[in-house]
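To start, the structure under review is shown below, and the notes come after it.
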Amino acid sequence: MSATTAVAPLRIGVIGVGRIGRMHAELIAHQVPGAALGAVYDAHEPAARDVASELRVPAAANVEELLHSDLDAVAICSSSDTHVELMIAAAEAGKAVFCEKPVSLELAELDRALGAIESAGVPFQIGFNRRFDPAHASVRDAVVSGTVGDPHLVRISSRDPAPPPPEYVRSSGGLFLDMMIHDFDMARFVTGHEVVEVFARGAVRVEPWFAQAGDIDTALVMLVHSDGCLTAIDNSRRAAYGYDQRVEVFGSEGMAVSENPPAHTGVVLTAAGERRPPHPHFFLERYLPSYVREWQGFVEAVKPGSAPPVSTADARAPLVIGLAALRSLREGRAVRVEEVQAP
Amino acid sequence: MSATTAVAPLRIGVIGVGRIGRMHAELIAHQVPGAALGAVYDAHEPAARDVASELRVPAAANVEELLHSDLDAVAICSSSDTHVELMIAAAEAGKAVFCEKPVSLELAELDRALGAIESAGVPFQIGFNRRFDPAHASVRDAVVSGTVGDPHLVRISSRDPAPPPPEYVRSSGGLFLDMMIHDFDMARFVTGHEVVEVFARGAVRVEPWFAQAGDIDTALVMLVHSDGCLTAIDNSRRAAYGYDQRVEVFGSEGMAVSENPPAHTGVVLTAAGERRPPHPHFFLERYLPSYVREWQGFVEAVKPGSAPPVSTADARAPLVIGLAALRSLREGRAVRVEEVQAP
Amino acid sequence: MSATTAVAPLRIGVIGVGRIGRMHAELIAHQVPGAALGAVYDAHEPAARDVASELRVPAAANVEELLHSDLDAVAICSSSDTHVELMIAAAEAGKAVFCEKPVSLELAELDRALGAIESAGVPFQIGFNRRFDPAHASVRDAVVSGTVGDPHLVRISSRDPAPPPPEYVRSSGGLFLDMMIHDFDMARFVTGHEVVEVFARGAVRVEPWFAQAGDIDTALVMLVHSDGCLTAIDNSRRAAYGYDQRVEVFGSEGMAVSENPPAHTGVVLTAAGERRPPHPHFFLERYLPSYVREWQGFVEAVKPGSAPPVSTADARAPLVIGLAALRSLREGRAVRVEEVQAP
Amino acid sequence: MSATTAVAPLRIGVIGVGRIGRMHAELIAHQVPGAALGAVYDAHEPAARDVASELRVPAAANVEELLHSDLDAVAICSSSDTHVELMIAAAEAGKAVFCEKPVSLELAELDRALGAIESAGVPFQIGFNRRFDPAHASVRDAVVSGTVGDPHLVRISSRDPAPPPPEYVRSSGGLFLDMMIHDFDMARFVTGHEVVEVFARGAVRVEPWFAQAGDIDTALVMLVHSDGCLTAIDNSRRAAYGYDQRVEVFGSEGMAVSENPPAHTGVVLTAAGERRPPHPHFFLERYLPSYVREWQGFVEAVKPGSAPPVSTADARAPLVIGLAALRSLREGRAVRVEEVQAP
């Protein structure tokens, strides 16, 4: 009997089944061994019904119903402004919690949500899926194993194929909190060292309406880590050649790099030279394996005695760095991370 | 009403749900827009029940039941020696037919099966999935578009990560009909020209038991095409570094190549040089996108007025080339394909 | 007769035949069409005699003798602290002048030397050889042609295989003026835009004695260009995997990259993965073609009606940026280039 | 005094200073430590004078004068039909001999020349320069070291950027003896195993005048080695994308590949995909480092107690394979190498 219990799948409910939530629901339903989709909920009822019908699970009438069912865990994939309250409710209901980033754009709110998680003692994982990308993970592995030695210099580039719509941008928290936050996480992840200083410069180069939204679309940020490692991160909201996501750690013994995967490996050579296809243009295409592995990590993490691969500290630190970057951009100076952390 | 009809999914039944059949069933169920899994059948009843339960479709009690249900199409994925009779039965039942390769190891039997397909006028597609691999397909595209000019020289390498079990090999038809048959198909596919002559040399280098099975595990075959193009194909049953599948067409205006995709794009550089990961070791991992696209092709092909992307001629020619290769190997001479074709 | 005159080679004398000067002498003697080595001089007489004998040219007894011979041009390759006086003397003697970088570590001195060049009206070229590297030049070409559109983000990495000796470092002017000065030049070269602001961070990570020499061995610098383009430059005095020199311009229409050339193109694949050789470990090996092309550029440039490909402004701007980087490092703040330029 | 003698350079005379001979003369004069150019000779006197003047060595009035001077070695770079007599004369004069390939297109003549070398006991090296290419050499090294295990399959492609002039082709011995002979050498070099059987197919695809010259311009040849290794070699007289020279050994433990070096490492990415430059178009550009290393090998080889890296057997075997290929092409069957070797 207990043996059977041991292998019962983790039953997960998904809250919010827009683009990213629907993808999570499908992955949980079909591609994650040890996980099962238990139910879905969406404030927009027809969306919930549609996904529920396709994936043959119940659509909860409201969040409470979902939280008080027999699910083991919930995935919070609704709009960002609902994350804090949902995390608190899920934690109080004793569910393991997966939450898409960002938890919140405000530090106090984030701390309130993380506090609820810690009080309840439930497992928690934030959706920094890139940590699970095999190539990015191989960079971290090369650091952890000592192959590249002490990290001295890091280069991270994240460039999207096309900007999001203006209405998204306006409530996104801006480039640092919406887009570069993944790279702040990556900088900590691959080096294993906290960030202590941020210097940021940004510009509007892609679309003038970013300025009207009080945002930038192009940025270069320099981080100083606690061990003296120096990191450069650049972001652009539009790369003509497709999704560009590279990470590189240079250390005392060598270098580890995560290059862009090609859309396919066809090559054509003519008198005009060598031609390869453009990169994939869609983040789901680029990062699908990372999402699958992210859920595999979650399934492992909720087992007794395990710890989630992405901790509450990992949910907090990138926001703090992002806030420091914002201050640096506004004040034109290097900002110590502790300036932002201080209450 | 008619609008609804137009978008009704193609209902497909899968016969045989071992490794490859189960994969097809899962893809049809979850990843092929416009297709739906209707039922499954397997001579080994528990296998059928298991897949049926997981994918929430009925398990047919026998082939007749499956063929006389309201399915639009069947996918024949059972053991090779059942393919001919199943194709004939499915054709007579008026179903569109997808059949894993090989239809048969005997030309007369294959002709009987293809004859039934043609008499019934049902759409038919054979499982040469590699045609749907994006990189291999890009090689053909570069020929069809004229970018590489007239094809002069072709190089194809197919090397498996590990040999199949001896019992599989014994009934496989041997390296030429079981493994290199994909490459014979590829040679015709990428050049657009029939093969007229075959010269083959083979050896037992990987495992001595291949000799005991009357087979070889390593081979190099030269093809002459009708337009004078020369093709070299090599096969090995074991590549230490993983699955190796490359296609290259050299022509009057250039060259198109399909290189091996890396397992991931992580790179490590140290004083010892540059290191990249080994290739994927499993054909499903390597070719998953091709299987998805293969079914997309099938769904398109059964629409009225369409023709399957892989025709009955495409099912026949590689077997003929393979039989010529076998004769060349035995007789130590170049064999004209027409020697084998003659009744 | 005039036809013969037209093709008379440019006769060049080399002052200073240490490592770099000897290389220039050999290239001029053997590998630069239209150039001829006329004489050499070195303060260390045996060195001059040795090179003169090998290359079969006279060794001048002193600089005056060399400058008042019938040479067309001189290459100043002696120790850095002699460059200013030699440039002035050569200019006054009416010779075309090639000078290894740096002209001087002090802006006033550099201005004095460039003033002499301009007063004399002689052609002048500074030894920023990397501009002539075919891959780096292809990056600039892709910007000039509009292929990458407006430059938005630039990444430059320069990492040496091993640090120079401490005694060299002590008189080198430090990492910014000795090493990164090439990258400051590159940033202007590939973008076509002046630098207006510098933010620098540096560290001692490679060898503690850099600190004792008042220098750093690892640095990351951010530049803001006049058009808003943002550039990140990183330098390390030791890359375990060999000479690492990359340049990348990301713009509104695409990206141009200069990757590291491999030592050779041999690849080995085993169960452990793919292995390629380490990069070349010596800058002469890496950049030899650039030196040859540098001299070809010089030979073209001194022809009537031509202008040297690297102007006096190009000699001055990188020093100014380097001085701004030094000030930024010391003061922990972003420094406007005009703060340094101001008299 | 003896110390000085020990380091006296090897004095080499060059016979024939057309394109390839002039290159050898320049390399010996300037780029090969331990070697010195002693004199040159050419049947076309102005050519000899021109090179002699540029490289500041005497031009011999005739071969006898050259052979009876105090040279240590001669490089025979004159037209192919003079090689046998010059080798015999040089051997009888006691000089170490370097000879460009081919020694002769006739086996009996080649044996006569090699016999003279062996009788005289002088060091001899034939100009199979590709053995000295660093990437090709790395493939052999990976075999010799056991890294790739026993060789099972070899792929070699050699494709020239453009065909030679018709008058050259007519006296060249044809594609197998003029062009593919390098690849026959390479097949033996990288595997370490003799060739026992040849099957050849060829075609005229590049220029119709190859047929009028009784030659082919495109060929695919299969070799069987003594250990059962199978090799495919393809050649084309014109590759639109530049010089294409690849070697690949697949063995029981892995694979070693020599890929084409790029003209430079610049890459451009746009919405149209990734673009890299075409390959170098000239064999001297592609293989210059191999020629330098070839001479370094010669200088080492003539030292007492050393053996030339390319032996007389290495000069003979590729011709025999080439003659077998010719017979295979004419007779349409696999030809045993011993059929050709037999007296």
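By written order: A, B, C and D. Residues from 1 in each chain.
To be clear about the criterion, contacts are C-beta pairs under 8 Å (C-beta built on N, C-alpha and C of every residue); 3 or more make two chains touch, one makes a residue touch a chain.
As the structure is a prediction and not an experimental result, all values here were calculated from the model.
Student: Please flag the chain sitting at the greatest distance from chain D, going by CA centroids.
Tutor: Following the centroid criterion, the farthest chain would be A.
Student: Write down the chain pair with more C-beta contact pairs when C-D is set against A-D.
Tutor: Of the two interfaces, C-D and A-D, more C-beta pairs touch across C-D.
Student: So how far apart, in whole Å, are chain B and chain D when each is placed at the average of its C-alpha atoms?
Tutor: Comparing mean C-alpha positions, chain D is 42 Å from chain B.
Student: Using CA atom averages as chain centres, what separation in Å is found between chain A and chain D?
Tutor: Chain A and chain D have C-alpha centres separated by 57 Å.
Student: Which whole number of Å gives the spacing of the CA centres of chain C and chain D?
Tutor: About 39 Å separates the centre of chain C from that of chain D.
Student: Of all residues in chain C, which are in touch with two or more distinct other chains?
Tutor: Residues 240-241, 253-255, 262, 269-271, 277 of chain C touch two or more partner chains.
Student: What part of chain D is in contact with chain A in the complex they form?
Tutor: Per the stated touch rule, the residues are 240-241, 262, 269-279.
Student: In the complex, go through chain D and note every residue touching chain B.
Tutor: Listed in rising order, the residues of chain D that touch chain B are 149-150, 152-153, 155, 157, 159, 199, 201, 203, 205-206, 218-220, 222, 224, 228, 230-232, 234, 236, 238-241, 244, 250, 252-255, 332-334.
Student: Touching chain C in the complex: which residues of chain D?
Tutor: Where chain D meets chain C, its residues are 26, 30, 56, 133-139, 142, 147-148, 253-271, 277.
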